[in-house]
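Two complexes are shown next, each including subunit A; its partner changes from subunit B in the first to subunit C in the second.
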Partner chain A sequence: MITPTAYRDALSQIDAPNSFAAARQAALNAFLKTGLPESRQEDWRYISLDHLERMPLHAPEDGLGILPALEDYPGALLAYLDDRLVWQDTSLPPRVLDTLENAIGDGIPAWAAESFGSLAGTASLTQLNAALWREGACLRVPAGERLRQPVFLRFAAAEADVMLYPRVFVHMAVGADAILVEHFLGDPSIEYWQNPVAEIVLEAGARLTHLRIIEDSNLATHTGLSAVHLARDSSYRALNLTLSGQVARHELNLALAEAGAEARLDGVFIAAGRSRTEQHLRIAHQAPHGKSRTHYCGLADGRGRGVFDARVEVQAHADGNDAQQTSRNLLLSPHAEIDAKPQLEIYADDVKCSHSATVGSLDENALFYLRSRGIDGEHARHLLMQAFIDEALGLLDDTGLRDWLMPRLLAGMPRVQSLEP
Partner chain B sequence: MGNLDLQPHFDNEYRWGFVTDIEQEPFPQGLDGAVIRRISATKGEPAFMMEWRLRAYQHWLTLREPTWATVQHPPIHYQDIYYYAAPKTASGSKPKSLAEVDPQLLATYEKLGIPLQEREALAGVAVDAVFDSVSVATTFKDKLETLGIVFCSFSEAVREHPELVRQYLGSVVPYTDNFFASLNSAVFSDGSFVYVPKGVNCPMELSTYFRINASNSGQFERTLIIADEGASVSYLEGCTAPRRDESQLHAAVVELIALKDARIKYSTVQNWYPGDADGRGGIFNFVTKRGECRGDNAHISWTQVETGSAITWKYPSCILRGDNTVGEFYSVALTNHHQQADTGSKMIHIGRNTRSTIVSKGISAGHGSNAYRGLVKVLAGAENARNHTRCDSLLMSPDCAAHTFPYIEVKNPSAKVEHEASTSKIGEDQLFYLRSRGLSEEDAVNLIVNGFCKEVLKELPMEFAVEAQKLLAVSLEGAVG
Partner chain C sequence: MLQIHNLHVNVAGNDILNGIDLNVRPGEVHAIMGPNGSGKSTLAQVLAGRDGYEITAGSVHYLDQDLLPLTPEERARAGIFLAFQYPLEIPGVANVQLLRTALNSLRRARGEAEMDAIDFLEFVKDKLMLLGMDDSFLFRSVNEGFSGGEKKRNEILQMAVLEPQLAILDETDSGLDIDALHVVAQGVNSLRNAAHAIILVTHYQRLLNYIVPDQVHVLAGGRIVRSGGRELALELEQKGYAWLEDKASQADNAADLMEARL
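Right, the complex of A and B next:
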């Protein structure tokens, strides 16, 4: 098992301002008290982190990793390697885009005071991130401003057995508008653990489009959290793609805290090989007239296991809310598994809520149709899978990122050969 | 659990068959090995039954009360309960005549059109002249016997057909299953036993005629129904009339076993005392119901209308072990005032070409809380499994709550599993439409509720469907407007 020393060493290496040292220590103590989540806990019943206990995990050592080739990112970019900012390509001023360390300085500034550290909650993995994050990223879009280019945050891992704690804080002021892409990846030959946390605040009327791509090594573990707070009439649109990883879990906590807030959550997850992925969504309608749309597509192949666990809550007297949730899943191999848990928890009466979930395989009739038109079986299956996930990819056209993203998405799709019985 | 811990209990002075004048001596409060041995002895059970009860009790001691359901209740003090209430000793607390019974309860009987004598029995009045069902019962019993059908109380079955009980008891719901099932296994007082032999179609709805006699079976009821190869039976439990009961905790277990080509239909209308409008009192109903389609082509169907109890905790389930087996679950759960229901179904697909259907309708009014909780599990060997689940909730007050917690776990790519759920308020425009046609608000609501529940009510035997509709109307009184 990981000894507490590994975590304590990691903390001792962090050169934080005195004003934060105590808070980090307290967060670490809180984590050590509870430890890693166990499968006894309802929220972790499908995904186990026991393997982490057997790994010689440690904090990254400076300068050991080699920067994997940077792809072309069509926008502003901060590139991190083992939790260090190693490359930036941005014309945005530091007051808009900077490391989180620089942005908050010695004390939490007023614009972050209400949410920094509190939005993400106090789950044990979140506490661990709060104790051990380094540098991080901060995006602040001023009131009424619209960023013309997407902002990319690239978090890469290059050192074996490293534990990484990327931390992102996003503040969208009144009426601001931006596109943010978080991209997680790593050396495909190594094991490591990414445990990122993102806190996102949308003030009244703000709009954020958020793409989050997990493209980690197939030996890696990813346990990410995004916590989003929506004020009056704000809008949050997200596309969450989980393409690889031994264990990849993304938790999204969304609070529609004021009237008229809107959220659209799309996602595609692919569990191939022996990978396990979990999409864990909590959508809290806390105020009247909120609207949320969730559409996730899952593919499970090989011995993969894909989990969709989503809960919509409508709190008492939050009238006029409208929440719809769709989970569609394909099982592509006799050893794969899909688990779906779409939940509704409703304490108000003037609501419209629905969810649906399906699990099945590719439609034999559709396959036959395509083959009868001269398309070979492999190609036909591939086309059908592509069409299946395309329903969740609407945001790609809205953001102009389809050309950038599709190649990596298609590369992450289950290999067609493995589909033949 | 080994047998090791049990030896001291067997060695104790009190053995089954040791006869004492039980009736003179009230059972003590609380639960220990001695109480269980006494229950077993009182009922004249063979040794294997007592052993089984004691093993269950030992296991129960290792369990903790589950807390995952979305229900809230004051702690239950298990050592304050009388685990064997002989009917005679309890008569002191019973009302002497209908005049002493809560007038609201009487009004409800009136609306449901329950015959006068039935009302007395249902209200728990100590009546001398027992309702005339005894002779009716005997007639039916003769008819069943000629077909070889065994239909009797559980205690009778233990005495008369120990081999059947021994073979099937606990084979679907083992005593280790869960906290309440363990407790029930240790202390169950009585219940019903049905065995339908090979190839026999039971010609009548069982239990429909003895709806009152059954009320004495107590708070820890145990039912075991076995349909042998090619047999079929339809069983109805409970009745529409609200039943008063002094004991607050009810933990029943129902086991159904359908062998090859057999068919069991189990319908429940549950209307235990729900507590008063402020949520005081009312029954805590923690029930474990499970059926197993053990042979190929077997079919089990659960239908339930739940309107009573302060707390309902119940998940009638089907284990679809044989090939081509079918499981069905149809449910209406209504919670009004401060009632809480956490109910649903589990469908475990093991055999090939298994099919299951879940239709759950929840209605929440007042401060009621209603949760659907279900599991559809398709194991790797369950080729071509099919499931369709539909859960709808109807909300009728700003303070009520409706939840849906489905679990879907699929390990076979040839499976087709579909789940859909919706939650919405009773439609203002529907109400307006009906009222503009001259219906009173209450009638309009009833019409809408009946439409909402239609898919489930049509699964009930005819006469109960009619009663269930009335029951829904009565239970919803004052919920709207």
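Right, the complex of A and C next:
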């Protein structure tokens, strides 16, 4: 196993203000006590992190990574390389967009006091992130303001065997409105581990559209957490895309904490080759008249394996809630596997809840139809796959990011050859 | 153009076609009629290259090449088009995407330049008009939520865009009201010329009032039991198919008797 030394060394390299040093040390101790999650834990039953124990994981060494050419990001951009902010292109003032380190300074400010560090919970990987994050990103949208451009956070890995702990804090004040894109990627030839945490607070009437894209190296491990808190009449819309990675896991914990909160959670995950991908959603309806819609599409090819595990919980007295879950999955090879586990736990009386899960293969009749029009089999399969995931991509039109994202999405699809735009 | 010789086809252990012979020359329109279960649709599917049909004997040549080894897309690129009896709905694929992708696949195969989106829209407009369809059809998902008549018109639109040399229409007339039938027939007739051939598979002779065939063949029990001109279709309309089935089974009985004697 990885000796605790690797983690202790990583912590010793972090130059945190004294006020936080103790908290970081405590978080590390908590992690070391439990260690990496094990497969006997229900939520970790399908994927193993044992390979991390065998890797020479270490904190990034400053200045070793080389910044790969930056793609075009149509909005404000903070670009991180091995957990260091290396590039920014934004006209937003620092009080709106800055590193988390700068934003919180020497002590946790009032606007973050209630949620910072607590929203994400105390799971062992979250503790590890709390101990070892560096720089990070903080987005604070003031009351009533609407950001005209999307905000992009690009977290890239460049050094082999690094462990990275991106940390994001988002505070949407009353009635604020923004689009946030988190983009995770890395050098395709190296192994590394990204273990990011995002805490997102929406005050009353705030609206956030959140795209989260895992486009990591196919040798990489990604274990990410998003924790979202929704106050009265706020709205959180998310599109979670998992396009690559040897092991890619995303956990989304959402609390509809006050009346009238709304969430729409869309996702596409792709497991090709021998990769493993998992989507864990926990949606807690804690107050009356909340609404959540979940629509995830999974594609598995080769010996890929995907897991969709979503639990909606409607708490007692949370009447008038409406929760719908849809999980649609497509297997493209006889050795691929997808496990869909939609779950509802309802403790209130007056609710409207539904869930459905399907696992199927490409429709042979539709394939023949396309081929009979002269479209070759490969291209026809591709068109049908695209059509299959399209239902989950509505937010791309709402955010105007379809043109930016589709090439990445298509590149991540199994067995891509040439495609027409 | 198309020569079918002694074609035998088996589907899941059942002999469906039992020795079809058919010659189609450029410019000709052939109607293939017959009762349900006679093998009409099987013949259409086999020509388009669908999987799951076992050719147990015989041959099919198209433009002097052996058609049977070709994949469905190779056949399409060689100029064969099948208008489906039950067109598929493909949610999420826009009609225009299918049409342009298909046309460009054919153009690439012919060594022609691909058509860009703007030129294509211009090109497809006339075809839409011909079939009485408005632009909105282009941007809807393929056949999704289309009425029966709209689906059939959409098949003919695809045909008009791809301009096949040999079009096979599998019961395109079924489920059409008289106005839609008229529109579809007009679309088909507009493609009729000395270089193109058409095979109409149909149960009723109604369509043949609008698309006048050069030859009519009657299929029963997996064989062509009679061939003739336009008047054969009218005769069928009067007499129905029952007398043909009697004839087919008589032929079978006679054959059995012969075998028994030998």
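One rule holds for everything that comes next: the second predicted complex is superposed on the first by the 415 of 421 C-alpha atoms of A that agree within 3 Å, B and C clash if a C-alpha of one lies under 4 Å from a C-alpha of the other, contacts with A are read in each partner's own complex, and residues count from 1 in each chain.
The criterion applied here is as follows: a contact is a pair of C-beta atoms (placed from the backbone, for glycine too) under 8 Å apart; a residue touches a chain by one contact, two chains touch by 3 or more.
All of these numbers come straight from a predicted model, not from anything done at the bench.
By the touch criterion defined above, A:94 lies against neither subunit B nor subunit C after alignment on the C-alpha atoms of chain A. With both structures placed on the common chain, the touch criterion links A:188 to neither subunit B nor subunit C.
Once the two complexes are laid over each other on the shared chain, residue contacts for A:317 go to subunit B alone; subunit C is not touched. Judged by the touch definition given at the top, the superposed model places A:386 against subunit C, while subunit B stays out of reach. Comparing subunit B with subunit C, the partner in contact with more residues of subunit A is B. In the superposition on chain A, A:354 contacts subunit B only, with no contact to subunit C.
Of the two partner chains, subunit B is the only one that A:343 touches; subunit C does not reach it. In the superposed model, A:372 lies in contact with subunit C only, and not with subunit B.
The part of subunit A that touches subunit C in the complex is made up of residues 363-366, 368-377, 379-380, 383-384, 386-388, 390-391, 420. Listed in rising order, the residues of subunit B touching subunit A in the complex are 68, 70, 378, 380, 393, 395-425. Residues 48-51, 71-73, 75-77, 81-82, 84, 87-88, 90-93, 97-98, 100-102, 104-106, 109, 114, 141, 158, 162 of subunit C touch subunit A in their complex.
Within the complex, the subunit A residues that touch subunit B are 42, 316-317, 319, 329, 331-361.
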